[in-house]
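Look at the two complexes coming up: subunit A is in both, with subunit B in one and subunit C in the other.
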Partner chain A sequence: MKKAAAVLLCAVIALVAAGCWSSGELNEFAFVVGVAVDQGSAPENILLTVQVAKPSGFKSSINGGGSDEEAYWNISNEGETLFNTVRGFTHESGRKLDFQHNTILIYSRDIAKKGLGDCMDLFIRDHEFRTSTWIAIANERAADVFGVDAGLETLPAVEIDKMMDAQQYNSQSYTIELLDFLKRLKSDTTAPIAPIISIRGEGDDQDIHISGTAVFHKDRFIGELGGMETRGLMWVTGNVKSGIIVVNCPCDQGKAELEIFQAKSTVTPVLKDGDLSFLIEIKEKGNLGSQTCRENLAPTKKLEALSERQNKAIKTEIEAALKKAQELNADIFGFGEAVYRKYPKQWKSMKDQWSEIFPTLDVEIKVQSEVYGTGNITKPVN
Partner chain B sequence: MKLEKDMISNSQMAFLLGIYIQGAIFCTALVFHITSRSISLISLTSLAVFLTFVFVYIKLMRLFPGHNLMGLNDIVFGAYIGKAVSGLYIFFLVVLTVANLRLLCDYVVGNYMVETPTIAIAIVFLFVVVWAVYAGLEVMARIGMLFFVIVSVFTGVIFLLSLSQIEITNFLPQFDISLIDFVRTNHIITTIFFGESFMFMMFIPCMKQQNRLGRSLLFGLIAGEISLILSSLMITGVLGDMASISNSPLNRVLRQVDLGQVLSRMEFIVTGILTFSVFMRIAVMYYAATIGLGQLLGLKSYKPLVIPIAAVVLGLVVPIFYTPSAQIACGISTWPFFSSFFTFVLPVVTLLVALLRGFFKKREEECG
Partner chain C sequence: MFHYFKKIVQHLKAESLNQRREDPFAERPEFVLSSDIDQNLTKFREIFGASNDIIIREIVFGQDPQVRGIIMFVDGLVDKKTINLSIIKPLMYDLRLIRSLGNDKVPMEQIKTALLSVGEIKQTPLINKLVDDCLSGETFFIVDGLAEGFMISTRAWENRGVQEPQTESVVRGPREGFCETLRINTSLLRRKIKNPNFIMENVEIGKRTKTSICIAYLKDIADPVLIDEIKVRLGRINTDSILESGYIEQFIEDAPYSIFPTVANSEKPDVIAAKILEGRAAILVDGTPFVLSVPMVFVESFQTAEDYYIRHTLASLTRIMRYFSYLITTLTPALYIAILTFHQEIIPISLMFTLAASEEQLPLPVFFELLTMMITFDILREAGLRLPRLVGQAISIVGALVMGEAAVAAGIVSDFTVIVIAITAVSSFVVAPQEGSATMLRYIYFLLAGFMGGIGITVGVIGTLIHLASLRSFGTPYLSPLAPFAPCDQKDVFIRAPWWSMGTRPRYMGVRDLRRQGHRLRPHKPQEEHLS
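This part shows the complex of A and B:
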C-alpha cells in the first residue's frame, strides 16, 4: 500500500513538475537574435523590427546541404507601445517570439533624440530579456542594419554581436551592455553612452560599420564622439584593451604604428580650498607593430622617443574627448561619481550644480607610456 | 515532553543552521531596496547584534536542559500562559513557513515559469518538504550537511565567475546612508536573515554534546554569513545601484554571469542549486511548527499533524500577499517588527520571567 502511494505521489509530482503551464516546444517559438527600434509612421508610434533565426536556412557544414534561403527573417510591426507591438508580431508570425537569445538592441538616431526611456522599460522588466544584451545607436534606420549581408556569419545580428566583441582590438567604439547603459542612466551625473552603428557602401556592397560613440543627456541623444575622442574617453575609463597608435618616426620621415597591449588609468578628484580639479594618470605599455620609415627604431633612445610621441598622442586623444564632453556638458567619464566616492559630504552641495561645474573643470593629464618590444625583427626590412 | 526522539551531532546542528541562514539568499532584494553599497558590512554588524540574542537563547537552553522552546514556556509561564505563548510561536512558525514558500514560488514564477500558477509551484515544493519532515530531524540534518556543501561550492564558483564583472567603485563610499536607513537595514538583516533561526531552540535538546552548544551555533551562523556576504558582494559589485530597483537582484546577477562563450545562460541550474537552501529553510520551519503543535496538543507523535499543517500552508500561500511587490513592501516595513516580537522580544521576556521566578537560583542549586 505504501509503495503504491509513493509511486502515485511520484507520478503526480512528475506530472506537475514538468511545468505544464510554462512548457514549450522548440518548434513553437521564433528565436529573436536582434531587435531594432525605429520611429513609426506617426510621431507617437514606434516601428519594431526583430531578426528571427530561421533554422531551415542554415546550411549543413558536412555535405553543404540545406536551402539557399536566408537563415533569418526580419519582421516589423508598428505600434504606440513596446509590449503591445511585440505581441502584435503574432499577427504575422505563427510562432511566439522568444527574446532569451537576443544579442543586440539597436535604436535609430531619431528615437534616441526623442529619448530612449519610453522604449526601454520592457527590455529591463520582462523576464525574457537579458541585460547582457549589447546596445547601439544606428545612424540610419535601425531596421536597415539587419538587412545588410552578414559577412562571416549567417545572421547579421550574430555578426554584429561578434563585431561588438572585436571592438576591443581598436578601442575606438565604446561597446556597452544594456546593464552598464542602465547604470549610467540611473546615475545622477554620469552620461549614458552607446556605440554608433552605420551602413557603408551601396547596393550589394553594403557593410556594417561600428565606430564612434553616441552621447546622451539622461536618455536623450545629444551628440557624438569620433573614433579618436572615443579612445580618449576609454583611456580615462580604463576600457582600452588594445588598439593601434600611429605616430611620426623620430626622424619625421615616416610613420610608426604602436600596438597597445596594456593600459591602466587612475582618476583622482582633488578638492583644494573649495576648488575642484581632476588628475588623470595613464600608464600604457605597447610594442612597435610596424613602421614605414627606414631608420632602425630598436635602440632604446629611439624607443624612448617613440614613447614621448605616444604620450603626446594619448594626451591629445584624452583632451579631445574632454573638450567634446565639456562642450556637450555630458559627464561621460563619471567624474561626478568619482567626487561622490571620495568626498561624499561635499558632494551633496555640488550635486545640483554639477551641470555648471563640469564644463569648466580643470583637468590635469599625466601619461606615462612605454614602447617595450619591437616584434620579431630588430631592424626594419627596407 | 518533547516529541523529537532523534539525536543529531553538533556538527550536523551547525550545518543545519548554516544551510538555514543560506536559505535567506532570496530575501536579499529586501535590503537592496534601501541601500546597495554597504550591505556586506552591515550584515556583519547585524550578525554582531544577533549574537547578543544568541546568548539569550543559549542561556534559556542551559537553564532548562532537555526542554525545547515549548517545554520551557510551560515551566516559565505556567501551564496556561505557557501554552498561550507556545501557541503564538506556532502561529508565527506557520506564517513564516507560508511567507518563505511564497517568496520561493514568486521567484520561480517571476523569473522562469511565468504562466504557472503560484499554487502549483507551492504544491510541488511542499510535497518534498512534507517528505523531509516525515523523515525526521536526523535525516534532515544529514541532508542539510550535504546541501550546505553543495550550495557553498556553487556560491563560491558563481562568485569567482562574477569577479570579472564586479566593479569596486560600486561599493564606494561605504556607509553613506542615513542613520535611520542603517538601523532599518540592520533590523531587516538581524530579524529575517538571522533572527528567525530562534526556532533552533526546538531542536537544541536533540543535540548530543550540549556543552559545545555555543560553538556549534557560532559555526553555523558564520558559515551562513559567509554565503550571504558573497552573494551581497556579487549583487553590489555587478549591479551597483541597479540592484535597488530589481525584484530579484540575485537572479539578475546570475543572468549576467557567463564562463566566456562556453557556458552561458546557466542561471536556471544555479537557481536550482540555491533552491536547496530554501528547501532546507522551509523544511526546518515546517518541522518546528509541526513538533511544536504536536507537543502543545499532547500527541505522542508529530506525524498526524504533517498533512493538516500542509493544508493550512497551502491555503494561505496565495492569499497571504496580494502581489510579489506587496511581499517585498511588507518585508521592508512591517515584517521585521512582526518578526522581532517572536524572535527577540518573547525570548528576552521569557528569560526575564525565569529570572524573576527564581529559576536561575534553582539551576545554580541543582548544579551545586
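This part shows the complex of A and C:
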C-alpha cells in the first residue's frame, strides 16, 4: 500500500514538475515560412524580413469567404547581429516567431557580395531552423520577393518552395538546401552555389522568377551562371533529372526537342606523370518530345543522328559551364574532392595550389546519349 | 492530521479482526428428519417462516392404514403438471391398486420404483439438503413414520429461451446465444460437442445464493493442471452471493488491479465451444448468459467468431484492421495533443496551416478542448447504453448535433478535434473485449502526452508493454504467442490461416492433444488426388 502510494506520488510529481515543458498552442506561435536577409540602412546593419503565415487569412480562403485578407504578414527588423534581430521581432509581433516551418532563406545580392557567413551561423546552429530549407540569392532586395503575390499558393514563400521543387523538370537552376550549401562552404575547394531569384514585371503584374546560379568563393558571391551553363554544371554533378534539349533536325529544316529521361555522370580524375586531367563521362537517355520539321525521325538512323546532335549539345553545355567556372576560378563541380577521393596522398601537395591548378585543368568530355523513343506517334503531325 | 488517519487505520484493522472472529458462513448445525411427521412439519414451518411462495401440501394416501404425507415445493420453480400427474395422482389413486399394504409399514421402495413417474428421485435424511434442493426447484415428499425424504426432480421455470445475443452479433454464423438458465446453456454446449470426454463438473458457490457453477472442458485435450487450478481458485471463493459471472471473474483472475482482463467471456455457444476445443476451460454460471473461458491471451480479444466462418483472406484483413483500430482508439488523442502542442515541426506544412487556421480563435488550450470532448463522448455513450432504445436515439442525435455542429460553429472546439474524437470513438467499438482497457489507456496516454508530449507517449506505451508482458492468465503468458514467440501459433494471430492449414491447436496452453485435424487437407484438383 505504502509502495503503491509512493509510486503514485512519484508519477504525479514527475508529471507536474515536468510542467509541460516546451509545450505551446498553435495560436501562440507565429509560424515563419520565409526569411529574407537584406543590407540594413547602416553598412554594418542587416535588415531581416520574415514572412509569417496568418491563419485567419487561411480560414477565409478555406471557407471560400470573399475576404481579401492576405494569409501572410511580412515584418522586418533591423539590427547588427542576426539572433538579436530575430528576437527583436517581439517588438512587432505578439506571438513568438517559430522557424520550424521555414521553407526558404533568401539573401540579397549585396549581402552575398559581402559574405553570407555572418548571416548564416544562426540558421544552422539553432534547433528551430531546418537544414532542409532552400537557399537562394535575390537579384534585388530580398524582402521584395515576399511582396510579390503568389500565383497558385496562398503564401508567396510556399509558392517559392514549390517552384524550387519544380526546377528539376527543367534542370536550369541548381536548387540547393542549406545543408548542401554548408557542405560546399566547409569544403576546402568546392565552391558553394545557389539559385538566383528575381522579380519580373511591374506593378501588379509582378512574378517571381528563378533561373541561373550564383557562384561563391568561400561565402562571397563572385559571379553567376546562366541557364544553359547551370545545366552544364548539373550534367557533371549528376543532378539532371529532366529537361528539354533543343537540337536541329538531321535535315536541318527545323528543330527537334528531346526530353531528358535519365542521365548519369562519372567524373574521373586522371593523374599521369604528375599531370592532372579529368574525364567526364555522361550517359543520357532521352525521348523525342516534339519536332517542327516534316521529316519522319522514327527510323533508327535518324534517331542515331539525333542523339549525335544531342551529344554535341550536352557537350557544349558542359564546356560552357567549365569555361565559366575556370574563369571565375571556382570549383563548382567538386573536382578537388574527386581528386582527394582517388589520390589522397598526392592531394596533400595539390591542395594548396588548387586555385592555380583548377583554371588550367584539362577536361575531356565524353557524352553517350540515346534517343530511344518517339512518344505516342512516329511520323510528324504536319 | 496524521493522528486522524492513524486512528482510522487502527479502527479498520480492529474491525476486520472482529469480522474474522465471527465467520458468517460457519457450517450450519445439521438436522435430520424425525420419523414423526408433525415434528418435521413444525420444523419446516419454522425454517421457511411466512414465505408465501412455498407450498406445503398435506395428503393422505393408501388404505388400511391411511398414511399421511407432505409434499413441499416452491411455487414458480416447479412444473405443477408433473406434480399433479406424476406425484399426487399416483399416490392418491394408483396406490390403491397395490393391494399389499399390509402391516403398518409403508412400501416406500415400491412407491419409488413403481409409482412416481418422474425422471430423477433422490433420498436423504438431511433437512438442510432437502431445504436447499427445494429452493432450487425440487419437490420434496416426506411420509409419516419415515425418517427420510424424497427429492423429486420437478424443476421448471420461466426463462428467456435461446435468443440472438445483443453483443457479438454476426452476419454469418449461429445466432443462438446463452440464456440465464444453466441447464439450457450446458445443453447448448453439449449439442455442439457430442463427446463423452466433454466434462461438465458442477460446483455450488455463494452461501446464500447457492449458485450453480459448471466447469466445462474436454478431458482429453485440456491441461489437467489448468482444471485443477480452476477448481482450487473456485474453491477459495467464500462469499454469500454470485449473481453474475463477473463475480467469479473477479474472484479468480490473475491480475485483479490490471486494466486488462485475464478472463475472457462470451455470450455465444459456438465461441465457447471453439475455445473448449482449443483446450480452454469454460465456467458457466447459473443466472447469466455470459460464460467465462480461461486461460485468456491478449490476441484472443482480436479474434471474433465470424473470423473462422468467412473466407480467410477477408478475415485476415479485418483482423489486422482490428489491431489498427485498437492503436487508433488508444493513441489518436494522445498523438494529436503531442503533435499540436509539442512537435509542431512534424506536421506537413499545408496541413499545418489548415490546423492553425482551425485552432486560431479557440479560447481553450487544445488539451482541455480534447479532454472535454473525450469526457463528453464517454458521457453520451454511457447515456445511450443505459437508456431505453428510443430515448437513446434521441440522445445520440442531440449528442451528434451538439458535438459535431454546434460546438464547432460556436467556436469552442475545432473541427479537427471533432474528427479526432469521432475516429477514436468509432474505433473503440471494434475490439469489444478490450474496450475497457482501451478507454483507460486512452486517458492515460492522453494525460502523459498532454504533460510530456511524445516522450510521454513513449513512456506510456513501453510501460503498457512491460505490464502486458508480465501478465499471466492461469499460467499462460498474456502476450503469447507473441511473447514468448511461437512461430507455429502465428497462424491465428494477425492473420487467420485457412482451416485446412490450422492442423494444430495453440501450444501456449499446454494442451494434451496438439493435433486437431489430419495432414494434407488442402482442397486440390481431382487428378492431383489421383497422383498422390
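The working rule: the second predicted complex is superposed on the first by the 360 of 382 C-alpha atoms of A that agree within 3 Å, B and C clash if a C-alpha of one lies under 4 Å from a C-alpha of the other, contacts with A are read in each partner's own complex, and residues count from 1 in each chain.
One rule holds in what follows: contacts are C-beta pairs under 8 Å (C-beta built on N, C-alpha and C of every residue); 3 or more make two chains touch, one makes a residue touch a chain.
The structure displayed is predicted, hence computed values, not measured ones.
Student: Of the partners subunit B and subunit C, which touch A:29 in the superposed model: first, second, both, neither?
Tutor: Touch status of A:29: second partner only.
Student: In the overlay, answer first, second, both or neither for which of subunit B and subunit C A:360 touches.
Tutor: neither
Student: Counting only touches as set out at the top, which of subunit B and subunit C does A:132 meet: first, second, both, neither?
Tutor: Touch partner of A:132: subunit B, not subunit C.
Student: Answer with first, second, both or neither: which of subunit B and subunit C does A:41 touch in the superposed model?
Tutor: Neither subunit B nor subunit C is touched by A:41.
Student: Touching A:158 in the superposition: subunit B (first), subunit C (second), both, neither?
Tutor: A:158 sits against subunit C, while subunit B stays out of touch.
Student: After superposition on the shared chain, which partner residues are touched by A:100: those of subunit B (first), subunit C (second), both, or neither?
Tutor: Touch partners of A:100: subunit B and subunit C.
Student: In the overlaid three-chain picture, which partner chain does A:53 touch, first (subunit B) or second (subunit C), both, or neither?
Tutor: A:53 contacts subunit C only, not subunit B.
Student: Is A:337 touching anything from subunit B or subunit C once the two structures are fitted on A? First, second, both or neither.
Tutor: first
Student: Thinking of the overlay built on chain A, is A:376 touched by subunit B (first), by subunit C (second), by both, or by neither?
Tutor: neither
Student: Touching subunit B and also subunit C: which subunit A residues?
Tutor: Dual-contact residues (subunit A): 16, 20-22, 100, 130.
Student: Help me check something: in the complex, which residues belonging to subunit A touch subunit C?
Tutor: It is residues 15-16, 18, 20-27, 29, 31, 33, 53, 55-56, 58-59, 62, 71, 98, 100-101, 103, 130, 154-155, 158, 161 of subunit A that touch subunit C.
Student: Within the complex, which stretch of subunit C touches subunit A?
Tutor: Interface residues on subunit C, with respect to subunit A: 340-342, 344-345, 349-350, 352-362, 365-366, 447-448, 450-453.
Student: Going by the contact rule at the top, pick out the subunit A residues touching subunit B in the complex.
Tutor: 9, 12-13, 16-17, 19-22, 100, 127, 130-132, 179, 182-183, 186-187, 334, 337, 340-342, 344
Student: Along subunit B, where are the residues that touch subunit A in the complex?
Tutor: 110-117, 120, 123-124, 127-128, 169, 172-173, 176, 238-242, 245, 252, 255-256, 258, 265
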